[in-house]
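Each chain carries a letter (A, B, C and D) given by its place in the written order, and its residues are counted from 1.
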Amino acid sequence: MGTILEIQDARYRYPHGPEALKGVSIRIRQGSKVALVGPNGAGKSTLFQLFNGMIRPDSGSVLFAGTPIEYTAKALRELRRSVGLVFQNPDIQIIAPTVYQDVAFGPVNLGLARDAVDRAVRSALSAVGLAGYERRPPHHLSGGEKKRVAIAGILAMEPDVLVFDEPTSSLDPASSEEIMDLLDELSTGGRTIIISTHDVELAYRWADHVILMEQGMVLARGSPEEVFSDHSLLRAARLKPPWILDLYHELVARSIVEGRAPPKSVLEFTDRIEQHVHGHAPRRGEAEAMGTVYICNADTVSGDELRLLFEEGHVDHIGAMGSRAKEFANRELILLDFTYGVIDKCILKSLIGENSLIITSGGMIEHVHRRISEYSAESGRDLAAVTVPEAGALRPAGRIADCD
Amino acid sequence: MGTILEIQDARYRYPHGPEALKGVSIRIRQGSKVALVGPNGAGKSTLFQLFNGMIRPDSGSVLFAGTPIEYTAKALRELRRSVGLVFQNPDIQIIAPTVYQDVAFGPVNLGLARDAVDRAVRSALSAVGLAGYERRPPHHLSGGEKKRVAIAGILAMEPDVLVFDEPTSSLDPASSEEIMDLLDELSTGGRTIIISTHDVELAYRWADHVILMEQGMVLARGSPEEVFSDHSLLRAARLKPPWILDLYHELVARSIVEGRAPPKSVLEFTDRIEQHVHGHAPRRGEAEAMGTVYICNADTVSGDELRLLFEEGHVDHIGAMGSRAKEFANRELILLDFTYGVIDKCILKSLIGENSLIITSGGMIEHVHRRISEYSAESGRDLAAVTVPEAGALRPAGRIADCD
Amino acid sequence: MHIMEGFLPSPWWEIWFAVSIPFILIGLYQMNRLVKENRETLPLLAVAGAFVFVLSSLKLPSVTGSCSHPTGTGLGAILFGPFIASVLGLIVLIYQALFLAHGGLTTLGANVFSMGIAGPVVAYLIYKAGTKAGINTYVTVFLAAALADLFTYVVTSVQLALAFPGEAGFFTAFQAFAAIFAVTQVPLAIVEGAVIALVFKYIVQL
Amino acid sequence: MHRLLEDFAQENGLRDVNPSLKILLGLGSILLCVSSPGPATPLLIAASLSAVTIGLARIPLRCYARLLMVPASFAVMSIAVILFLTGGGAVLVEIPLPGFALTVTTGGANLSLLLAARVLGGMCSLFFISLTTPMTDIFTVMQRLRFPTVFIDLAMLTYRFIFVLIDEAGQIYRSQRMRLGYGTFAESIRSFGMLAGALFLRTWESGEDLMRAMDARCYDGRFGLPDEAPPVSPASALGVVLYLACVAGVSWTTATITLC
């Protein structure tokens, strides 16, 4: 896919202030997940304001979809509709007295008709999992909910590029994971997602492209594995390497694991160490049956169909990915075991012979299948992933009983 | 040491709000480092307000140094002098128009004489590394600096117990580490330090006692290793286990490492895995010389003495721990390689035969020695830690040259 | 509308100080008592003052000149009474002069009278009258804010006309000043009235 | 969001001169301006204090020039009224209008010139104070002069919260611009109303937070101590007194000079 946003040698100095950007060039591919990483004051937020024309570079240029930004009122409005920016502090972004009015702020300013505004608001609220919150006053919401409202306010303008300044700041771990899940979900729709963060763990796990910034300059760009493996770069940016890379490099240095591609998760890491220790890809004997991962679509399944599945004893653990799925589970009073990091947790359960069900929706279903088959291919272990309810889908699940 | 703070079966409901504390009992030992861990809304901040009498429990009691708190204006002021509370957002805590006046706020209201106020302010500012910032207005400071001013404002009242609400929230990794270093430094003076956090990594590394909260109740209390090893507890509190424990338990489950005490750092973890793989504590041959860790006292050493050390080529890396040390390095224009996680990084350097110098001050010197000798004892590797400048201290450092 | 530094000659700037100072002194006396009784008053007054300053430092949309602040202090008058509101007005005017170059120091007396005393009192009276008469709340708020603004500018015109009556006398001078400033001040008053009514609606919705 | 004069004052070249002295110079000049019978004195003050502010306090010339434009619209309009209204002396210009005529006389011209000069001199003196003396130093002077404590305390707290709120207002404004607020005039009013409403809410919360913060820090009705002011150097004190005396002298000798 092509380049959607490009910045060429941009310099920017705040009026009477220090130079915040000292010649920055970056290029963002359409549909990619980009993390801008650096300490506070590195120029991340300034760069973000270039993206949607909130500030104009002193020199250099900003291109959206291949065309240099024009700084006319009309062109800027169009640009800001296409490039939505979600601030770090939702309290600043949420200004209207009710959730509905706040999410409607952008669409109303776009000049949409009343029913178009209404559709945009409802669909944005449903996308972030806050359908039913329309009439609530935002200041009575939790931190995670406020963040979602802020995101919905941007989504309602249907931007192509979503830019998040410190998306997880001051959220607790569960809320953070849910927001990152939401970002993944938004990204499967083909949108380009850019986040700024000083959380290297987050960037390492989430991004497919990392741009490391410090003191208004780009220090490095590339895959997370490349960028975060260079300790001297990270030190220059006053950051710590992700723990998993840190431990990995220590183990490589002591030749305990091989220096191939670094692992991305605890699951992968365990496998790699086991592989080294046992001299082969960990493969359990045939007798040792593996669990199945059932996947269902929250948009089409009914609560009764799922309850049937539970009653028949096929499912040991239930996880939900994405806001629509969580809403569904909530509505159907299904108790969830996993609400974040769902796929990895279900794979881990499969490895010890337990079955799990992942409730999700839309493009995420494919994503789950892909992830599981990738894991199967890499680890050499044959994991079953079955979409339910489909003709005969529940039958093979019985094989656990057979094997036992 | 005795119990300094105790809460017995406290219940509290906000006016027109939900019940925030549902019968909480905790006991804090004098001089301990306690982390109150839980998701947002678990009741951590409410509990903190019980500590210094900002709110009064509906039932149950709060004891300071064995005596129940009296809710009279005079007794409360005395209590708040002894139990200092540092808020999450320093912008809320900073009241006065200059740094000096702000830090002086507490002492002035305690009725200290002018020169006693002055002494208290200077010593508090120097403790947080902000000497020289007296006349600055708070709105010209960075986030980390504001946090330090807020801490200094509390320190100036010389409290016995310091309570920090989310001490690292919205700080970048380097600033966070510096604040946590500062907390360690404050704790070596015998003060009791309590933090609230949802960052389990932080709590796991830092605390010696963890209290896990959720929905206004205490779910568990104990050592970080105990509390964070219980996955079902953590899940109930919507938290993730610290990565290091997560990986450790996976490896134990696959019997790749032994299930003794869990490791606390990358360094320890590497050693444990290596031990398992090589069947013995990793010990390098005698020919492989190990580096020395030099330690110097920022309060007594002169810049010239240190420069002599550098010129003679004894030192490959320099780190500073604590604010006085960093101030010293700044003043003497000494470029620092490590400003956080200093001891572990220097040990890692020693293992590959490089020398390092740790600049620190006061009680931290002993702490460094203790940490290094503990590591030596555990790992079976003999690491040299030498305080400089002392008679003959520079001599043994020559041995690297001999061995090469 | 602020009278700028250097504009009012003797004895007029002294006279307006003499008129305003009694209000300030009574305000300080009341404030002292209030703060002693209830320590929570001081922070409340402080954030109210800061709010008025910040609001007045923001440019109102599409109108040259800034949002003046009789309605802000008018709110203060409703909460704390007109005398304490005049102290708030004084502090805000000092900051406006020093931080934004709006107004001046010798003209503080005149400006405090028009914006810290006369305006708020009008806002207060109209609000009370409107509420009593059962007029729609938003309309009342709009009228209170807009008319307080207009009254402030009328008072300023009086102050200028008294200082510079010219040959034709006070009334002609007043008409001249009032007419020329109407160009900016009348739209400003309407916009401010609308904005304050919206703010009121906003707050009521919470 | 434009920068406040205060921000310049925090790092100006005369930051370390005793604040009482700077205020004496500024206020003295203002009083000389408003009491000067002729335009020469205010113009002299404007020129000399501008030179000091730009040269010694190192305030950028462009910013200083822009500051002088702040009072321009008020000055132009009100001086125009006075120009036509004030009579006395010979008629210089007559603009016939339907029904009546606007006339400018020497009396009107002289008074207008005097006022323009006073405003310029007065504003330059005011700028001198606000660009060289941070508010934090002015508090110290107020404390020395025994201003009522409650007044100073309130002023200090207000000062602190001005910056907290200004920062938030700026962020809210940017976030509205991002969501296409302030597009049309009607939208502008609506957006501004929301901004003010949201800010009001934040203000209220800040007030509650502030109460808690003060309580947690043992508030007992006392506020901060005055900072130590830098000492008055005899040379600069002498300089200020001499300057004011000279200007007063000029004022007295040039009292009769008029435009025409």
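Remarks
The rule we apply is simple: a residue touches a chain if its C-beta (ideal position, glycine included) is under 8 Å from a C-beta of that chain, and two chains touch if they have at least 3 such contacts.
As the structure is a computational prediction, the values presented were derived from the model and not from experiment.
Annotation of subunit A and subunit C: jointly contacted by D, touch as defined at the top. When the C-beta contacts at C-D and at B-D are tallied, the pair with the greater total is C-D.
Subunit A and subunit B have Cα centroids lying 32 Å from one another. Our note on geometry: subunit C versus subunit D, Cα centroid distance of 18 Å, whole angstroms.
Look at where the CA atoms of subunit B average out and do the same for subunit D: the two points lie 47 Å apart. Centre-to-centre, using mean CA coordinates, subunit B is 51 Å away from subunit C. Residue numbers of subunit A whose C-beta contacts span two or more other chains: 97, 139.
Taken residue by residue, subunit D touches two or more other chains at 135, 157, 159-160, 164, 194-195, 197-198, 201, 206, 210, 214, 219, 221, whereas all remaining positions touch fewer. Of all residues in subunit C, those that touch two or more other chains are 202, 206.
Contacting chain pairs (ordered by label): A-B, A-C, A-D, B-D, C-D. Residues of subunit D that touch subunit A in their complex: 3, 7-8, 60, 63, 168, 171-172, 174-181, 183, 187, 194-195, 197-198, 201-202. Every residue of subunit D that touches subunit C in the complex is listed here, in rising order: 4-6, 27, 30-31, 33-35, 42, 67, 70-71, 73-75, 77-78, 80-82, 84-88, 108, 111, 115, 118-123, 125-127, 129-130, 135, 138, 148, 150-151, 153-155, 157-162, 164-166, 169, 173, 182, 185, 188-201, 203-204, 206-207, 210-211, 214, 219, 221. Across the complex, subunit D is touched by residues 15-16, 49, 52, 54, 73, 77, 80-81, 84-85, 87, 89, 91-93, 95-97, 105-106, 109-110, 139, 153-154, 157 of subunit A.
Against subunit A, in their complex, subunit C makes its touches with residues 202, 205-206.
On subunit C, the positions that touch subunit D within their shared complex are 1-10, 13, 28, 31-32, 35-36, 39-40, 42-51, 53-55, 57-58, 60-62, 64-65, 87, 91-92, 94-95, 97-102, 104-106, 160, 164, 166-168, 172-173, 176-177, 180-181, 184, 191, 194-199, 201-203, 206.
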